[in-house]
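Quick heads-up: structures coming right below.
Both complexes below contain subunit A, partnered by subunit B and then by subunit C.
== the complex of A and B ==
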């Protein structure tokens, strides 16, 4: 694989790798055709990539179409209730089978020559089979190209590398933190409707980094939220909290703490009690101290939970957003943004959480607009010629000692305002790009 | 739109999915469609009884199924439809 890549780029990547260890990362990585191409070849074709939440395809025949790298994938619930993922391409002449992003079908029929497949991917129907193929076509040999899938707590991931380790190994303990978003209450979480989905002139990596725990930007980029009473944090204490990362695996989460914020504040009391019952004692201890939890599953899936006030000054409502950054070119991506709610919560709370989510996130969300305004400008600058040899500093927390008393897994440091998670994220990214995963 | 873990009636006012309708309503026509095809389903009275009419407007094909035929479908495996499609994918 390395032979097809420009030798100087490989050398350059080794330099980038060394720079990350020393607290530097190059600006050009956020808008560069060669790096984009390498990410397609070496990262998205080998990592476990998020496809869908199980609650998006609850009934037999339900399907959604998603991407892994530049591959369009059908994720379907088969007639027998299991989940199957296949490349969205007819094996006859390569036409896209499912053109709708979501639907329900027991069988998929190609609109070009009519080849028909079970929703699990087997080819079953071929027009003019006898007259045209005269017995030479064996349907068993021409099923859809299958994608390896596995799931954790409702999240369905796919992996194009048959030799990659299991999803459990890939997540490597990050599940402890993911449970905060995914095991809310006795029945877990579900999506509140289909995702908001739009194209942004932003590199996917900027979002992945920001959501790996960038508490640093919040009091500046979103200062109106503090000043107008929508967001229950204060500039004077906002740096408090932790940065937790899984060393070597790229996953990271920022855990923001506010001294006077009540444990599990922003949830209805009965829901908070059910949530506590579904967590381990260590999880309850960690999550009790958290106002904001913002984390990235390497490479491009993120979550955020925080309280947001529907009426300024009133107590906030906690919501969860899950987001997927699908790269479609250097410095260009498709954004998928969901609201996750606890399945067994009251409809009243689900609707309030969704309102809080839409006020802050989604295409018209206030925090979202703050962020994309900045991220689009970062992306544009990263693609300019003068930036080719410009690095950014990633030196916050270089000397931080691990918080040994923290009950959660991974490398955990204080304060919340930290670059430790980002160095781990870019280090893992560089491992994939140099082909050493 | 909230997610629907269980299938729901198109006309929920006449009852739940598995509730036997007592008012004889729901004559149709009902359109069942996805991105691959669409059919129109309606109850058809014959002189001495009734059938379910399944009409494919794009194909122009039609089948009239009586209670015994429909009952028979209700206990088949999904593979029966796969087998029928593989026998005649409808060119």
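== the complex of A and C ==
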């Protein structure tokens, strides 16, 4: 059933799509019930959505509970060592099976009528099976609702659409850039611990856009860091660098460059050497020129690597944060924020990187604090009636030539301060919302 | 923890008064004064809470921290608040720290006390009619000093009672 409101929204979305190509995006998209509903139906139920990092569930039985759209999902390491994701709902009468955010369990037993499942989702126990069901219930048919999963370099994704292309195809070359966050050191990255988790009156899309490479906001939104010298970039050179995006797929990354920042600066030397040895020559060439790498995997997973220094003017220490923006209503989200550290780094560096992360990001992080203050205000304005027909300009880099000498994949333009990644992000979003993916 | 007090009334009163004055410095935004209440070797920690089963070995993570600070990093935070660009506190949060249920026990070292307390924080932002509330449990180590105010906090450990925290940011101190 399609209501007249829905039909007019579909027409409107075609207009939004055209607007994005011309460098406009509507403000109302950042706080709108109809858009939110459509995102649940057509985007989060079809895209590959991030569930967990493999290092969060290293041993058989380990599990975390996460969301895809508004669906609560148990992500577990099975007794065979593989990862299984299932809807956190008993198939008998729908009670929530697992009420904790993480733990270890070989099976889950429903607290309502006692149906019991392996952590892989198979139904193994039904009370009064003989007396009650008299042989009519086939356990095989009543396992948990399973979610398709796939992973890349420790990132576990789930997809509710059985017909969606593979994760590899979905990422479409963005892996080249993700490796900078996920393959730190010789043995890859791991989470430092469970994520910070908080709610904010902020639309998830504002965060997704900001982390798709918004180098433009940094000198103003985080001006204190520049002024006091804790963030090793300078206003006069901050626009330098690249914006790289995977055309048609929505993923994008901003690569900020500082002329005086040493290659792989902020990492211990031995770690940097192991990293260089594990990356391809093209990756080494790109990453050695990068001070800040800030990217979004469409739709709602982001990463940031940047240095923070307690000694003003020095390179400081590099840290990596991974974040998931979980929409829980129009203009409202839950934030998950992790720190990723290189598995084979010294404990000293891991602690230092984590300290830098908590000082800059996470709920009390000094950069994060200012971002969320701005973002809640954007969200509030986007929900006001006068904004219904107001667009924002997305015209930076409209005419930019592709940087043909750049060794990384995708559509790469200069400078770092650019809207190119955002046009790509929003056109992918619009493709999903009109149902053309 | 002892079931009855092993600390004399005068010490307990003095420590309580110290915590109240410390809270007052925060609520009056006298952050430089507040730093004076903290030892140079302070560890200031707010662990991340995770919802777990009743029998799980921990609910407060041993590894994740919302705040994981030293005196040096707290000074950076205060220095930041003194600039014109700490947007998170523009306009400033209006806070009220309610410190109750103060329980004092002898510490591991002479002249140190383990001071446990409940801390309820009221936070009002701008013209928003709905304030935020945070309930925390604090376990501080407080050290006697020879100079005024006679005490310094050697360790602040404070845990939120929520695992999913209802604040867009944590730009205030606990």
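Going forward, the second predicted complex is superposed on the first by the 426 of 437 C-alpha atoms of A that agree within 3 Å, B and C clash if a C-alpha of one lies under 4 Å from a C-alpha of the other, contacts with A are read in each partner's own complex, and residues count from 1 in each chain.
Methods note: a residue touches a chain if its C-beta (ideal position, glycine included) is under 8 Å from a C-beta of that chain, and two chains touch if they have at least 3 such contacts.
Note that this is a predicted model, so its numbers are computed, not measured.
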Quick one: is A:194 in contact with subunit B, with subunit C, with both, or with neither? Answer first, second, both or neither. both
Is A:59 contacted by the first partner subunit B, the second partner subunit C, both or neither? first
Give one of first, second, both or neither to describe whether A:128 is in contact with subunit B, with subunit C, with both, or with none. first
Check whether A:139 is in contact with subunit B, with subunit C, with both or with neither, and answer first, second, both or neither. first
Looking at the overlay, does A:103 come into contact with subunit B only (first), subunit C only (second), both, or neither? both
For A:310 in the superposed arrangement: first (subunit B), second (subunit C), both or neither? second
First (subunit B), second (subunit C), both or neither: which does A:95 touch? neither
Tell me the contact category for A:80 with respect to subunit B and subunit C: first, second, both or neither. first
Look at A:116 in the shared chain and tell me whether it touches subunit B only, subunit C only, both, or neither; answer first, second, both or neither. first
Kindly list the residues of subunit A that each of subunit B and subunit C touches, one partner per complex. 99-100, 103, 192-194
Could you pull out which subunit A residues touch subunit B in their complex? 55-56, 58-60, 79-80, 98-100, 103-109, 114-116, 118, 124-128, 139, 190-194, 350
Using the touch rule from the top, collect the residues of subunit C that touch subunit A in their complex. 46, 48, 50-53, 56, 61-69, 72-73, 76-77, 79-80, 83, 85-90, 163-171
Within the complex, subunit A is touched by subunit B residues 1-7, 34-37, 78, 81-82, 85-86, 88-91
Residue ranges of subunit A in contact with subunit C within the complex: 99-103, 192-202, 221-224, 227-228, 230, 310, 334, 354-355, 358-359, 362-364, 366, 368-370, 372-376
